[in-house]
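Look for chain A in each of the two complexes below; its partner is chain B in the first and chain C in the second.
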Partner chain A sequence: MTDLALAKATASPARRFSPALPGIGLLLVVAYGILPLVANEYLFDAILTPFLALALAGLGLNILTGYAGQVSLGSSAFMAVGAYAAYNLALRLPGVPFMIDILLAGVVAAAVGLLFGLPSLRLRGFYLAVSTLAAQFFVQWVFNKVGWFSNNSPSGIVSVPTLSVVGITLDSSAGRYLFALTVVTAVTLAVWRLVESPTGRALVALRDHETAARVIGIPVLRVKLLAFAVSSFIIGVAGVLWAFAYLRTVEPAGFNLDRSFQILFIVIIGGLASLRGAFLGAALIVVFPLLLARLGEALLGGLFDSGVLEMSQRIVLGLLIVTFLITEPAGLTALLDRAWNRIAGRFRRTGLPITG
Partner chain B sequence: MEWQFFTEVLVGGLLSGVMYSLVAIGFVLIYKTSGVLNFAQGALLLFAALTFVSLTERGLPVWAAILLTLAAMTGIGAMIERAVLRPLVNQPPITLFMATLGVSYVVEGAAQLLWGTQVHGLDLGIDDLPLEIGGVLVSSFDLFAAAVAGAMVAALTLFFRYTRIGLGFRAVADDQLAALAVGLSLDRIWTAVWTAAGMVALVAGLLWGARLGVQFSLSLVVLKALPVLVLGGFDSIAGAIVGGLIVGAVEKLAEVYVGPFVGGGIEGWIAYVAALGFLLIRPSGLFGAKLVERV
Partner chain C sequence: MPAVLSEPLFSPAAGAVSSALAVEALSLSFGGVTALSEVSFAVAPGEIRAVIGPNGAGKSSLLNVVSGLYRPDRGRVWLGGHSFASVPTDRLATLGVSRTFQNLALFKGLSVLDNVAAGLSHRLRAGVFAQVIGLPAARRERAEGYARAEELLAFLHLDGVRDRPAGTLPYGMQKRVELARALVARPRLLLLDEPMAGMTLTEKRDLSGHIRAARDDLGTTIVLIEHDVGVVMGLSDRIAVLDYGRLIADGTPDEIRNDPVVIDAYLGVAHDLEAGEGI
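Showing the complex of A and B:
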């Protein structure tokens, strides 16, 4: 077993799906300008806000797994660290603005990530993947057992304080959505800069061939730890959004192994080593259970109870993973790229101008 | 007295470790011959136990239930091999692992969709009585499980040493290209391996099911088997046994001697931390093949 040669899955096509800047501008206009006007509470609370939090977590894991090639099965542990850190910062340092709390929570998650990233200096592949499970179980146990983190709440579940930024209270569904959107946008732009920078290239070099990367002078150990730290920072911030903007409570059980797998699935389905991938994957993961529930109800009616629903969700999710791995290892990103190229190609043939 | 208590905890731990080894052996069989870390082993175990219990509850005699379950496991194993792993031949190992993660979701979902989600009791007719051996109390069920595990390892060893297909397994594990060159059929051997893993899953599923009750959480024993594999090395049956014993002993001893100081419940992660500490010294486990990397 050599390095995680995910190269095939991640070879990025020469032409991107959309001309980057106008596309992003358009998305932001829709997300900031149009959605808050047309969306209702259900759309915000059940779809958009969890989508944003999970997309951010996927983005964080993608840095580690997609770009740097280190598989982690413990992502939700770092979400938990971020969420509990932000809760405690808000509780114990009441004067500090929440934006600072978020950053600090990310830093705490990064520190924990660094600690659990240390084995990666010695371990590869499966052995590393299994060792990240240590983070998953240990962190969950700590938040269950140590009462201080949940302010001695007997159940370990705590409600978080209301979001407020520069004196504006963001209590409504739309407010929490806009808050999450702003954080996700800022982090995504920063990550975009990172992956296009020499450091980002170093991550990819590390993934494609560790020894070769070392030979051309990349400080492999430092870059690996950096990947763990940056990834955990982002996943930690995603955890803050999950707890503060989406659920409005923090509980250890919400950050279990299933959540970690879910984030991994987002990255696989969306596309490894692609920023869009995290968003596309998260969209699918959030929307498909809802669609499945509607569909099942329409087709089977009363037979389709919650137990059947849960099981069929598991089956469909598993089938999706397997199907994507077999037929489209580069994920939804590649599917969209291909579709776009086909459309663009048709325009070219008919002589219409192409933008971008 | 203190020493006797220690021995009791240790023996209890070693015996429960045997149960972990049972699960780990299923992983090793597949990893050895096809290089796939099969995360779905836990789901297979759940499927086997659930199928067996549901069939007996519907009035089937035990032997018929075992035969039918075995047939079902063979079918599922062969299907996974054919539909999922064969299209993924030559993909990086981690891709194969993620595919088996997907498979585990499908198998878990299917098992419960088919047989329902309620908890079933499973009585194998073996009493769980405390026996006193040399002044140390031992559970008779644990002893039975250890005997079954021992018999299974013995059977597997004989199988690998003396049967045609077993020798084929070893040839494929040793060198796939060379095995192909001497005319072994990789397809047939891989199908046979998955069948064997299905059988191991049935045995482990019955023992674990009798212990915990047959329910969804049964598939989580896979998480107990992973540190065992890490300790013993992914490709060694002996490693799976020794690793299981170590993990079992460490877990019980830590729970009794360390647990009270930190609030208990540490058996969920102590095995991982122990395995991790061990890995830092020996990165491919006790008996695992050393990685040789070609540049």
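Showing the complex of A and C:
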């Protein structure tokens, strides 16, 4: 990210959480109460569950890149670590409840993240980004090479056991969606508490002026490593959701560099250093290809085959990212804020009382 | 021999321990270019001490050595009775030292209040978990930090912009936020690197008042680098003059004003100074 992008990205004060609690409450009511009743399997499996997993990964990367200012191109490696850790824990320690498996998988991902975060103590910006690529390639190579991780499956692709939490088996689409939703809600709440805490402030301080942060007594090295650990933990949990709630299989190819970029794009398009940003960005990344496919079909009919679709996805997505970086580095979050302010301003002018 | 140099500038044994800051024979060079050469002086507690000199005289290098950002080639720094060959920056705040920077060094994305509260970071004891879960000790610590920060905002008349992102404020105000961040921990020693650079006349006058108030009300010893000679003469108790990395004078404003060596090296001929004084 350029400095400009980061500076603009945080033009809204860190301590404000603008759509306010009523809005979040409403979202939760819809997500828990209404969607499970009205959505069909396609909506759950193709849109909602992957959206939740990717939003969570975006949230994790945003801690590292948006808040702490450390660029990473290795996100999907940490997703893979989380997914494989959870698979192996479930396989090898069958007595352990799955909720514990998820936590432990996150811890394993955090440990690996910490390890690959060590170069950040000496490297910055572009150089750090390149060193995180090492995580990406190394982790993928290990999972390809060492059969033990995929229980020596000849194809390297393994099916994960059915989700089962506190005795309830979640094998329906809705069940897996609700499971992902609950995990994402809990983690998001914790992340919100974190970014509002003095530690969250230290992350931003580190990003905005490392020397000043050091002089006022922020333990810079510890905070950097903490950012890597927390970020990798969350991305690892997102990997568990991706494998267990969405795909129901684990394979190294699912966690390649493309996925890392996808998560980075979620953060950039959604808005750096914004919790909402991860969700907005993930929504766009998940829904956009489907919309494009429908649109292409409607406009071009048979000419719009899967090859053309994939090409046009890349082109339009690329254009979108460039456009965002140039015109609105603070992402969808800022667009939404501006729209909200305009609406609120109009209400104020017409003299209607407005709250929130 | 100029008047100010007739006495020994510095006697390590007596001066260093009782002073708020003392530097002893500091030397620093960057690949053959001498930034500091055998610089020694002491700052008494409660003093406002200016460091002046032409560009490249080594003023900022001196502050960077004192705050541990540069490691001197030779010499020692005394801070509140401790002596260092190289000051540990990580412990600077704990030693009761804070500083501002020549170019703004605010956390642009944080609110003004958060910037100032961040100045208390070295006092935080609660761990991440305690903060996220919201254990009583962590909550108390956080509330106390914000309360202290609010006091400082009131002290520096910044309460009106409390929730604004620091990066969106006008320049002069950002300088003041940086001062608030440096003062919030009630440092024993405050280092200011060109606090008034680029400020308007009114802003300079206000800031001079704030700096004096910090000394008078909070008892902070202040070392500042400043180019505006008029401001320096009015504000400081003593002035140290650097030229080509050497200390060429150290005395009261009156002594410095009349020191031929200083006039020659920095102030220019006397009538220039008279004209400059009105600034």
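The criterion applied here is as follows: the second predicted complex is superposed on the first by the 344 of 356 C-alpha atoms of A that agree within 3 Å, B and C clash if a C-alpha of one lies under 4 Å from a C-alpha of the other, contacts with A are read in each partner's own complex, and residues count from 1 in each chain.
Definition applied: a residue touches a chain if its C-beta (ideal position, glycine included) is under 8 Å from a C-beta of that chain, and two chains touch if they have at least 3 such contacts.
For clarity, every value in this text was computed on a predicted model and none was experimentally measured.
> Return fit or clash for chain B versus chain C, each positioned on chain A through the superposition.
Taken together on chain A, chain C would fit alongside chain B, as the superposition shows.
> Does chain C touch more residues of chain A than chain B does, or is it the other way round?
Result: the larger residue contact count on chain A belongs to B.
> Quick check on the superposed pair: does A:261 touch chain B, chain C, both, or neither? Answer first, second, both or neither.
first
> Mind working out whether A:212 is in touch with chain B, chain C, both or neither, as first, second, both or neither?
both
> Between the C-alpha centres of chain B and chain C, what angle is subtended at chain A's, in steps of 10°?
Approximately 80 degrees at the chain A centre.
> For A:133, decide between first (touching chain B), second (touching chain C), both and neither.
In the superposition, A:133 contacts chain B only.
> Touch test for A:226: chain B only (first), chain C only (second), both, or neither?
Touch partner of A:226: chain C, not chain B.
> Of the partners chain B and chain C, which touch A:199 in the superposed model: first, second, both, neither?
In the superposition, A:199 contacts chain C only.
> Look at A:328 in the shared chain and tell me whether it touches chain B only, chain C only, both, or neither; answer first, second, both or neither.
After superposition on chain A, A:328 lies in contact with neither partner.
> By the touch definition at the top of the document, which applies to A:297: first (chain B), second (chain C), both, or neither?
Neither partner.
> Considering only the touch criterion stated at the top, classify A:190 as touching first (chain B), second (chain C), both, or neither.
The answer is second: A:190 touches chain C but not chain B.
> Quick check: superposed on A, how many Å separate the nearest Cα atoms of chain B and chain C?
6
> Both chain B and chain C touch chain A; at which residues?
Common to the two interfaces on chain A: residues 6, 9, 211-212.
> Per the contact definition, I'd like the list of chain B residues that touch chain A in the complex.
Those residues of chain B that touch chain A are 35, 37, 84, 87-88, 91-95, 97-99, 101-110, 112-113, 116-117, 223, 226-227, 229-230, 234, 262-266, 268-269, 272-273, 275-276, 279-280, 283-285, 291, 293-295.
> Could you pull out which chain C residues touch chain A in their complex?
67, 69, 89-94, 98-99, 101, 105-111, 113-114, 117-119, 121-124, 126, 128, 131-134, 138, 141-142, 145, 163-165, 167-168, 181, 185
> Considering the complex alone, what residue numbers of chain A touch chain C?
It comes out as residues 6-7, 9-16, 190, 193-194, 197-199, 201-202, 204-205, 207-209, 211-220, 226, 230, 273.
> Considering the complex alone, what residue numbers of chain A touch chain B?
Residues in contact with chain B: 1-2, 4-6, 8-9, 71, 119, 122-127, 129-131, 133-134, 137-138, 140-141, 144-146, 211-212, 257, 261, 264, 268, 307-308, 311-315, 317-322, 325-326, 329.
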